[in-house]
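Chains here go by letter, A, B, C, D and E, matching the order in which they are written, and residues are numbered from 1 within each.
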Amino acid sequence: MDALLQFLFSGLTVGAVYALVALGFTIIYNASDVVNFAQGEFVMLGGMITVFAFEAGLPLPLAALLAILATSAIGVGLNKLAIEPARGAPVVSLIIITIGASIVIRGATQLIFDKQLHRFPSFSGDDPIHVLGATILPQSLWVIGGALAVFVGLWVFFTRTLTGKAVLATANNRVAAQLVGINTGWVMTLSFGLSAAIGAFAGVLVTPITLVGYDVGVALALKGFAAAMLGGMGNPKGALVGGLLLGCFEALTAGYLSSQYKEAVAFIVILGVLFVMPQGLFGRKSTERV
Amino acid sequence: MSLLNVQGLGISFGGLKAVNDVSFKVSPGEIVSVIGPNGAGKTTLFNMISGVYQPGRGSVSLNGTEVTGVAPNRLAEMGLSRTFQNLQIFQEMTVLDNVLAGYHLSERGSVWADLLALPGMKRRAAEARAGARKLLERVRLEKAAEQVAGNLSYGALKRLEIARALALSPKILLLDEPAAGCNAVETEEIDHLIAELAASGIAILLVEHDMKLVMRISNHIVVLDHGEKIAEGDPATVSRDPAVIAAYLGTEEEEPAHADG
Amino acid sequence: EIRLGVSVSATGPAAFLGDPEAKTIEMLVEQLNEAGGINGEEIALTLYDDGGDPNKARTFATRLVEDDEVVAILGGSTTGTTMSILSVAEDEGIPFISLAGAISIVDPVRANVFKTPHTDRMACEKIFTDMQAQGITKIGMISGTDGFGASMQAQCKEVAGDHGIEILADETYGPQDADMTPQLTRIRNTDGVQAVLNPGFGQGPAIVTRNVAQLGFEIPLYQSHGVASDAFIELAGAEAAEGLRLPGTALLIADKLAEDDPQYKVVTAYTEAYKAKYDQDVSTFGGYAHDAFALIVDAITRAGDSEDPQAIRDALEATSGLVGTTGTYSFSPEDHLGLDLSAFRMLEIKDGDWLPVE
Amino acid sequence: MLTVEGLRSRYGRIEVLHGLDLEVSSGEIVTVVGANGAGKTTLLKCLSGIQPVSDGSIVFRGESFASVPAHKRLKRGLAQSPEGRQIFTNLSVEENLRLGAFLFTDERVERDMADAFAMFPILKEKRNLAAGGLSGGQQQMLAIARALMGRPHCLLLDEPSMGLAPLLVAQIFEVVKSLKQRDVTVLLVEQNAYGALKIADRGYVMETGRITMTGPAPELIADPRIREAYLGL
Amino acid sequence: MTGRNKWISLGVLALLIALLPLFFPSGYYYRVGALIFVNALSVVGLVILIGYAGQISLGHAGFAGIGAYACALAPEHLGLHPALAVLLGAVISGVMAALIGKPILRLKGYYLAVATLGFGILVSMVLTNERALTGGPDGMNVADLGLRSLLRDMGWRLSGGEFWYMICGVVLLVGAWLALNLFDSPSGRAMRALHGSEVAAATVGVDVPRQKLRAFVISAVYASVAGSLLALQNGYITPDVAGFMHSVEMVTMAVLGGVGSVLGATFGAAILTLLPQVLTVFAEYEQLVLGLVMVLVMIFLPQGLLPSIARRLKGRDE
């Protein structure tokens, strides 16, 4: 029993990391139908910049804030320098651009910082909290709380604000969005800025647990992508649930079946879900009529 | 004998009965029109007959064979072909290729033959090509044959769809608002085209809001409203039916259609 | 000018190995050339980054031989890349010193292939010997699924029996995993486990160490030479890492070596120079590259002819008693590794620092 | 209100508008008729800014539109109900309308929405349905209603009657006529040339990218060439 | 693309393959050429899947892995001749593709991407974890094809580099020829049609699931053969061939070159294979420059290299 609880704690911790990455995908996807494969790099940047700012003597909260702002600026830059000039390009081209951008960011990070692993202290110490014989680190609670907060924020943004609707409209029909007066260029800038900020925020939260190095982004992006698809791309609820579920599948498989094939089991579950629900758990069916 | 036989067909979308208990028949060479207000369920009816939607209730039979819910490509093999209200063009292919796609059934062979470009395929390919060009002439798109289809204007695409549908040499042709986006003169050409097709023995099922066209060429008209059949009969009967006038035609007829028609 | 070729995994998943290796060789070449080279001839270094991709490694090896016309190749950070370079070296008769761990690189012996690191099997034996001394007979193992971890896992399972050690739990984790508590919980819930062994490199071992502390394990934790560097203590946290043991080289305890230790000079010179140049701590892997370079320089010097790869190969095979950071090398036609178990030292983390156990 | 001079536009290297002159005065209803592919849609797209202009000028209410991007043209008072309807298929009917009034946050938005629902009651019924689920004609209504939500001074309508039932066609033409009372200027592209000319003040005839004829609507209806080529009479 | 275009494409390709060696300063270039051809072969497969049929795959390296390991395992365990092992790998890949394609090709866009990604990861995971059979992450040896020594016995001496350059070049030509045949054939047209509109394709009689499956299986076989050639030529294989990064690399090559075009596929493969070799002069900056080149190509030639350039030449931009 306490083992099960321990597995779930682990699953929720890891799942919250995935969820944070998946949530980061949502905005850019909702604005442009593009899955930004550089999202993992935003997470990495959040961690790396905080590490180096912290080591340079900045207090941790300030270092984190700096990292989030800087990453956000990089996100905007990515949009301005790479996505916007390619306006009108097919979605696959845009995806390749984001992959190219992720390579650039990795390459630059490795030059500007280094290739070592880093970490900064947990926010609330490393004394595990004991619950019914299982333990969880305070930092895990930060990550889980962060994922929930970002989820609520995004959910309100997309369902309750006109700007959120404008983002959705931009992806749905860019031309029509311009016709109703939406500055689609600005929407894209906003989306990249926000997505990058969410990514960096995730990086700040998870670094004490997962450590950070210039190349941790790829794996994170991959898992976040899988989580987002499991939940249904574009829906914040899907990102959250998808991430947590994926984390729990992995942890439970590692705990009860085989740690070697835990990712395999997770992917088989995803395939199973998609087989029954081709749009993921909460994805919306597109309603194009003929 | 009727070619298409629709019996008690119905479907719902989350509580809304988009089509409910609709029955009618179409015989070879006959032109049957389905009219009704916007949202009456005409397109939905087409989608069920052509296998795009699974009907919730009722049955469709083609040439005496029950085909309810059969996949569109199977129906195509059985001689049913259609166009779409919301254009479904192969945007990135050339205009000619769009029509050639319509020859898929007569042209197709084994995938090995395709990969290896076996000489046996050549003759059929040449026939298809010649046929496709003829069809393009028929809808006056022969000059655009090598253009990418996505570059055509709306009206041209509408005609391209008709050409593609004809490439199947169908026994029955479903046309969903073929004249939308065409002016009076262009509509008249479509009018002639449909009449010609019917004369050659093809059964035509037509949805169209251009009453001038509908009244002139239909043998039989089915009127839908809120998914239900509210009237049917020949054009004269239907156009006098008070329920149809109230729901659809309106009393005041300003257009010169009737004056001339 | 002596043309020397290197292909290492300076980036990619094996960058932990390749990055210090590349840096070390670049530094040493610079030092040597400044000091006047070998017999007055400078070394022209061609260094490629194969990113850990064996396919690329093979291409670079071909390029080094055919295009750059080098007289010897160092590198092959991983077993996979080594095996790719190896066949080119064998075909073309170019001496090649590998930096990877697998025993299969030098067993069977191939004419042109040498290697500097201990084999994984030696590391396992060293660990098990120490466990035996502690009276530990039943252990749980958790290893990474990357090449390093998987190879260690396989080797350790093979030799455990020889040391009377039984592996009761055998878990793995992916190289990028963020939490290993489920696997560790399984190990904890396995009856009779007296110690945990975690062979791996990268972030995995640091996370395992932290997770072990989180779960409140009371039994000793053993790591492998894969994490033998000061940076590891920082990542895992001194508190969590307290009491942890692993087999390492003299490099890690350079400051604690007795001045009469045979390795004292080599090790301090290397650690100080590296730290000064890159502001980073040395790792075991950089040490492998250091030794490979020392070996080839020694061989070229003795061969007398810096143009003839086969002469260099023959000189290399005749190496005897060369002191490196990893240990003392003596090659022979039957032995292209030339290290023995004594090269390893058992280390323990005490108060955030490495201490030799003996 | 709207002056177009020497307008040229191209898709890639193929020019489809070859120097077009056109003028719409305040409060007028002006219609453009022409065969398939004449360039009517392209003209409207140039006006609303979603199609680049290669030469010529567009002046709207005294301001040159040369450097005004598409999304700012609605703010200047120019709205379009585009060809192919271009509704937001994944958003609900109500959200579509709300976005039509994207520039406004005052209480008039609610009133305009109520007006739209009064004009097309079916939209009210379907307000929570994803717009992609609407029937063709219903989507057309939505496109028109959405354009009106932007409170335009000038409305560009691209074949508004397409796919609408006869009753609604008549209604749409009534709506267009009634816009005149509300001081909205209309540029109407229609294939139902007869209906359009009936309510229009003036008309233009377009052939392969050029204006070939213009005049007061009644004159055009009477013109035998037009009767034969476009009205089918 | 008309019939004439097909022969032009093939002719250009054949000429390039035949004439380039005249300019090779050293044997190393044969190796790079052979790699380009191998990559191009799998990319041509993706052109059929992505360019013709409009279906995405992020897991095709899985098929390359199957092809590669078939060549490593079958000769050792089944005593099969390596050449037959290539066939065996192709058959296994084709059957696998047919089996998994059936359920997952119902998915669209990114959902399909994640499903194929899952497949690729499963394959690479099995190859990595089943150490007893596959040698694990460290990889395993691959038997020699034996053809080169056969040729030598017949008096035709070729270096390893020259030999593989030829073999891979010829296989690529055959692959390109098949793909070009397909383009203008009923099957190819049906694939391109369903790319444009699945509903419309179905109503003209195209069996949409079946055509998708065909494209998937064919592309899987291409990837498998490419994997086999890589394994045979390297003589050593690790699970990296089946890795996610390899899948991404393949798709990137396809898109860079121009995803609808067979000749473009070769160009895309050439660029992405050559770049790391050229960029070694940048050492530390290699990654940075590689990424930049990708981004810039996509910005300025969004349709991919070849189609964009062709359009510019024809003057039909946009």
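Just a few scattered comments:
Following the convention adopted for this analysis, contacts are C-beta pairs under 8 Å (C-beta built on N, C-alpha and C of every residue); 3 or more make two chains touch, one makes a residue touch a chain.
If you're wondering where the values come from, they're calculated on a predicted model, not measured in any experiment.
The minimal number of chain-to-chain contact steps leading from chain C to chain E is 1.
The chains that touch both chain A and chain B are D, E. Note: centroid distance chain B to chain D, computed from Cα atoms, is 28 Å. The distance from the centre of chain D to the centre of chain E, with each centre set as the mean of the Cα atoms, comes to 49 Å. If each chain is reduced to the centroid of its CA atoms, chain B and chain E end up 42 Å from each other.
A straight line joining the Cα centres of chain A and chain E is 31 Å long. Residues of chain A found to touch two or more other chains are 110, 260, 263, 288-290. Of all residues in chain B, those touching 2 or more other chains are 43, 52, 84-86, 88, listed in ascending order.
Residue positions of chain C touching 2 or more other chains, listed in rising order: 11, 145, 172. Contact residues of chain B toward chain D in the complex are 13, 36-40, 42-44, 85-87, 151-156, 159, 177, 180-188, 209, 211, 248-250, 252, 254-256, 260.
Contact residues of chain D toward chain B in the complex are 11, 33, 35-38, 41, 83-84, 122, 133-138, 140-141, 159, 162-170, 191-195, 198, 228-233.
Those residues of chain A that touch chain B in the shared complex are 288-290. On the chain C side of its complex with chain A, the touching residues are 11-13, 15, 19, 142, 145, 171-174, 176-179, 181-183, 185-186, 189, 202-203, 206-207, 210, 213-216, 231, 234-235, 237, 239-240, 280.
Within the complex formed with chain A, the residues of chain B that make contact are 43, 47, 52, 84-86, 88.
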